[in-house]
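Below: the structure, in structure tokens.
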Amino acid sequence: MMSNLSPLQQINSGATREMGQLLEVRGLRTEIPTRRGVVRAVDGVDLVLHEGEVVGLVGESGCGKTLTAYSILDLLPKPGVVAAGEIHFRGEDLRRKSTEERRAIRGNDIGMIFQEPLSALNPVFTVETQIGDVLRTHTNLDSTAIKERVVELLGHVGISAPERVARSYPFELSGGMRQRVLIAMAIACRPALLIADEPTTALDATIQAQIMVLLQTLVEEDGVSILLITHDLALVAELCDRVYVMYAGTVVEMAPVEDLYVRPRHPYTSALFQCIPGFQPSDRPLAAIEGSVPMLIDIPPGCRFADRCPYVADRCRTETPPLVDVGAGHRAACHFADSLDLPGPASEQLEQDHASAPVY
Amino acid sequence: MIESISTEMRGNPPMIIAMAIITIYMAIALFAPVIAPNDPNRQDLRRTLEAPSREYPLGTDEYGRDLLSRLVYATRSSTVVAVSVVVASAVIGTALGIFAGYRGGFVDSLLMRASDIMMAFPSLVLALGLIAAIGPGLRGTIIALAIAYTPVYARIVRGNVLSIKEEAYIESAQTIGVNSTRIAVRHVLPNVAGPVLVQGALTFAFAVLSEAGLSFVGLGVAPPTASFGNIIASGRDYISTAPWISTSSGIATVLIVLSLLILADGLRDALDPYQHRF
Amino acid sequence: MRARFLLAKLLWTVFVLFGSSLLIFGLMHLVPGDPARAMLGPLGTPDAVAALREKLGLNDSVLKQYTTWITHAVRGDLGESILLNQSVSSLLAQRLPITLALSFYALIFALFVALPASVISATRKNSLLDYGARLTALIGVAMPSFWLGLMLILLFAVKLGVLPVFGYVSLREDPVDHLRHMVLPAITLGAAYSALIYEMNRSSLIEVLQQDYIRTAHASGIPSRLVLFKYAFRNALVPTITVIGIQIGYLMSGALLVEAVFAIPGMGRLLVNGVLSRDYPVVQGAMLVTVLIFVFANLAVDMLYTVIDPRIGRKR
């Protein structure tokens, strides 16, 4: 079971973890009380993000990836609560901070962009007002400076007529334009971390590609770190350095993006790959994962993926697999992580995709 | 439908209480002669404006009439008006709505524009205008309120018919050659029953209030026949010396109207297919 | 685009006014038998009936009668009150301002209560406070306004003796006394209206608070107070204003009854007395004015929409 890492590799991975660590989540547990019982939507998630790094958080809808982000930002919708765990941002535990202190961090140190760019913007205020309010909240700029900064920001996110867009209402803008506006709003105060929740899902293919390029630019030029939340492993391949795969509220696999694509170690990750049109071997039909995510109330012991796993064994139903090292910076929560030879996209194919930017 | 209503009631105690109050109220109306301890119109001028006592639990009015008995009969007047109004406006409105929705075209536009115009009047003002034409009293009140509330049903039903018309099962029924009256009865009525029921509870509530209001200003149920409105009106002149006259009738009105509003709310929740519950 | 939206609304207004005038005129002809006879009652001599028929133009064709009535009405001539021997327009000129003042105070009271209450309820959804407020609102709608008026009289005027019981004092005569006389009627008239506004604004705010753009505002660190009062409130206001506009009719209906309780000589009383005494020109005039108010209130609401919500009347 113990990995075949060399001592040097272990030291290296440990060292990077300490240097420039921006965000560290430990043992995060987020609960939602309902009539039928307490739902453990996020159950013991550990997550690390370094400065300048782009980390993917991948999984089906309902796996807890978005709630993990909301837990970090103190944005959980009622009646959800963070029940346990630590959330260190720049070395400080956010959970020990007051509501007011955490509010001041949002939009200033951590920005967030959302899935639906139309509904995420307030319909009755102009772009200028909405971005301006973020600046007014976190800076002491006067109104002329704010106006200038808004136009500058809009230009920065690749909007060609920033003055006009600043005076527009969201309904007057196209989907891609709105997403750019949202990104401008999220980076208005030059945050160190950007949490992007399915930033391109609602957009059509060409616009998706443009937004991905924009995010890439922000990482390279502004040194922003990104936590990219998505169900789409193709996006992760393009942008991310490392990936966390979540299933039913837990992290089932984490790995540097290349390792994950060469050899996924968890059957769920492998199944996710097979759902992507570009990635599955061409002789096989496009797969869908059978079954659905289990209800997260009174979870029985054992692997949560057992009911849907094609490799399931008796042991999987009685014993919860721990998240263990399976390679350099590569961890998986499967009893058979070492023995299974799971299909992932071929390494050559990955190289091609990575080189020729968008896969769409 | 009955199933979803009973499911709703199980999880909604206020609705059960409301139903109980409505049932009691209907029973009082139905069995008024048995329940009322005295003749509601028997005057006793030696015992006027008496405060509630053992003999007269709600006191007496300016003619020495037993207020409890008058309240029982007022419940009857109120029910007669409200039930007649609800039934008449619901039946006529539903029929017009189905007709307009099915026919479409000119008939539909005409009926809908007519309803727009009627709805430009506050319903009580429209009822007042109608009473001016028909003449005041119980009959005038019923007719006026029934006409005033009809457009709402017509609009609700028409809207439903239009959406049902689009749906496949009606199209198939039409191609098989079922005549349109049968389509209306077999397919449309069960579908509009829910919204009409909700509106029925609301109309009931507003009819009780409107009848009370019209009787209060002397245009509804005419004395000596008792009604909530005219009892409160007669109490107005004695508000400083005999406040109990107006108080009990007012409370009775609030209770029944409140129950009907709660019922309407509960029915809406029970019958709304788009309602999501966690 | 917006001009077209408002033009369409204006045309609609004209149509409704025309239709209403037909309805109001038609009501007089719905009267079974001879309206002149009905007005004069059993005491009317045949001569008097004939004279009244002549005066009302009942011998002309229905079309001619309507055109005569409506052309006069447009010029402000609504005929003569049969009972009061005064022109209907001058009667309305005396009575309408009183009803408008009463409605205005009732509106102010209603907003003053409903808006803060709805904010409290929406932000503390399903709390005890919210339940209490909702029950109060439900009772507010269920209560006959005239009865509430009597109970307020009983409490404030009779028991506490702090406010006058009945009557009306004009603003010009004595502003303070005017307001003192208006307090109870305004509360009485505004109560149910307030409950309706509260209900609408509460549910609308709850809906808005769940929207993505509210989450965006929170995610941007905008202070909660600003999110609530700037970002949420303005969006929530659109449906609320619709209710305020549509339920202006509620105020007009309510005024009929509230004026009777407090012996306020407003248009409501004029209308009720007109119906009681079958004074048709007065009934027609008062109904016409009521529709005018309703229709123009809604036109005002439509214009207000375009100010509050930039999307209305404009397409991308």
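Chains here go by letter, A, B and C, matching the order in which they are written, and residues are numbered from 1 within each.
Note that in this section a residue touches a chain if its C-beta (ideal position, glycine included) is under 8 Å from a C-beta of that chain, and two chains touch if they have at least 3 such contacts.
Nothing here was measured: the structure is a model prediction, and the numbers come from that model.
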Touching chain A and also chain C, the following chains: none
Chain whose mean Cα position lies farthest from chain B: A
Distance from chain B to chain A - Cα centre to Cα centre, in angstrom: 56
Euclidean distance of C-alpha centroids - chain B vs chain C, Å: 22
Complex interface listing, chain C residues touching chain A: 211-213, 215-224, 226, 230-231, 234-235, 308-311, 314, 316
Chain A residues touching chain C - in the complex, by the definition given at the top: 73, 75, 103-108, 111-112, 114, 116, 119-125, 133-134, 137-138, 169, 171-172, 182, 185-186, 188
Chain B contact footprint on chain C (complex, rising order): 15-16, 19-20, 22-24, 27-28, 30-32, 38, 138-139, 141-148, 150-151, 153-154, 158, 249-250, 252-253, 256-257, 260-261, 271-272, 274-276, 278, 280, 283, 287, 290-291, 294-295
Touch list for chain B against partner chain C, complex: 113-114, 116-118, 120-125, 128-136, 205, 209, 212-213, 216-219, 228-229, 232, 235-236, 239-240, 243, 246-247, 249-250, 253-254, 257-258, 261-262
